[in-house]
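The first chain written gets the first letter, and so on, giving A, B and C; residue counts start at 1 in each chain.
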Amino acid sequence: MYFQYPLELIGTFFFAISGALAMQDKDHDWFGAAFTGFVTAIGGGTLRDIMLGSYPLVWIGDINFLYAVLVGVVMAILFHRVFIKLRRTFLLFDTLGIAFFTILGTEKAIALGVRPEIAAIMGMFTAVMGGVIRDTLTNEVPVIFRKEIYATACLAGAIVYLVLDLHTPLERNINLVVSIVVIILIRLLAVKFKLALPGFRRSG
Amino acid sequence: MYFQYPLELIGTFFFAISGALAMQDKDHDWFGAAFTGFVTAIGGGTLRDIMLGSYPLVWIGDINFLYAVLVGVVMAILFHRVFIKLRRTFLLFDTLGIAFFTILGTEKAIALGVRPEIAAIMGMFTAVMGGVIRDTLTNEVPVIFRKEIYATACLAGAIVYLVLDLHTPLERNINLVVSIVVIILIRLLAVKFKLALPGFRRSG
Amino acid sequence: MYFQYPLELIGTFFFAISGALAMQDKDHDWFGAAFTGFVTAIGGGTLRDIMLGSYPLVWIGDINFLYAVLVGVVMAILFHRVFIKLRRTFLLFDTLGIAFFTILGTEKAIALGVRPEIAAIMGMFTAVMGGVIRDTLTNEVPVIFRKEIYATACLAGAIVYLVLDLHTPLERNINLVVSIVVIILIRLLAVKFKLALPGFRRSG
């Protein structure tokens, strides 16, 4: 897919914006915003590559990812009032981001030779662990424990991708689109209808 | 020791149960339970192997560990009411788990050629860091700062193992049993008699 | 520079003291103090080396760093009443520590062949991430989000070092001293005049 590389950079850019904006509720300074933007954008892929022993890390080997983060952080600082009003737009960008990063992470893990079960976990980690590390550092309950179906949507999309990839003759690009759409649909439907997985309390 | 591999899987299984149950006090869903079960079970060994540069990580190279986690999580979700009543039984399982994981982690570090002092730390990390990561993610004070003598028991057992291994002609299996028993005894006596290390306040 | 190695050990020793003392406000025991001392002293360099794939980690390859931590922790436990009274002295030691670790971390990253932008981030991480991990484990807001200009001073010093190193014919030792002095000056002036970067609230 010719668009993969620019899409990765754009995804990194959007994650950096959302990470930097997460700091605006707190009385933090611009460094704090840059730091959380950076961690949100590169944390998931970093954890994936360290666990797989894949070096150099993406953002260390290709400086453009760092610049994508910097541009995102600067835009978050300059236009944070605008971004806040666009909360719905942001849900969409975040959903696009996690969908795309899940499948790219899954593909990278498969390319490194791990089993599909591990690749699905790595795909989900790529998408959600940046946010988890950010929330842990800022003493929030991590997003994956809070939100309606979030990481589960990523895991479902990764599994769809792997099943299509390993058990059907479909082309990669079609698999990619289908599994990304699956993640987006699950996530947006979950938000719209306030769907959640059952839990200990409710199941008790 | 013929039993080592099944015992490792069983230890992983029990750690996954205890990690998943840690979420039931909070209003989290099944994904949250699975995630904390996974982190608790594989976090310590993952940190050890990343610090030692030992790849692939155990659970990435051998899929059975992931299945051990999954079975543990499912059992925690299905039978959590039963498990809660068995709190005493759980103390025993947790104690067996940290004892066994400490010694296995120490042995692995020695096998990778590090000095005994480092191996003892790696053994303790294998046993306790999964719980520490879980507690950090769920905004709890980590178990090693809270409980009566816990990580210290692991460290003591690791040192006993290393002294026996390096300075006596005893067989590995005997060392293993002795040092595991040391950890279990220290831990259970600490719980029974509410023993704690001195601290800044009390020592003040 | 002949003094580099002893200075690294001394920096580790001071970071271990300050990490161990961080636990005295809480009702934790000596193990907790040793653990936080250890994490504070070695956390930043460990994260840097894992991200760069540089093995063995410094404290695993050279046991003297572990002993520097141990001596620091024991001194913190024995003399904590004295250290607390010397709060000003401690600001100085902490500032010397982050200044020195920033530049050493930057140099190590450059030596491993990464781009200067990445090396500056690695230098800052070496200095501040040990404290960040400690604060996260003890449920504090990490130091980099709290304090007056702190990590930013490190980043500024790293950039000064890199500009001097890559664009001037100055000797390494002179670069080293200049950039360390830059960090110390920024940090001490920030504390004295309560300087802070602008933030979302104030800039709103």
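What we mean here is this: a contact is a pair of C-beta atoms (placed from the backbone, for glycine too) under 8 Å apart; a residue touches a chain by one contact, two chains touch by 3 or more.
A quick note: this is a predicted structure, and the numbers were derived from the prediction, not measured.
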item	value
Rotation, 0 to 180 degrees and nearest 5, that superposes subunit B on copy subunit C via CA atoms	120
Numbering shared by both copies at the subunit C-subunit A contact, with half separating same from different	different
Between subunit A and subunit C, centroid-to-centroid distance (C-alpha), Å	30
Of all residues in subunit B, the ones touching two or more other chains	50, 136, 139
Subunit A-facing residues of subunit C, complex	50-53, 114-115, 117-118, 121, 132, 136, 139, 141-142, 144-145, 149, 151-152, 196-201, 203-204
Of all residues in subunit A, those that touch subunit C in their complex	23-24, 26-33, 35, 46, 50, 55-57, 59-60, 63, 66, 77, 80-81, 136-139
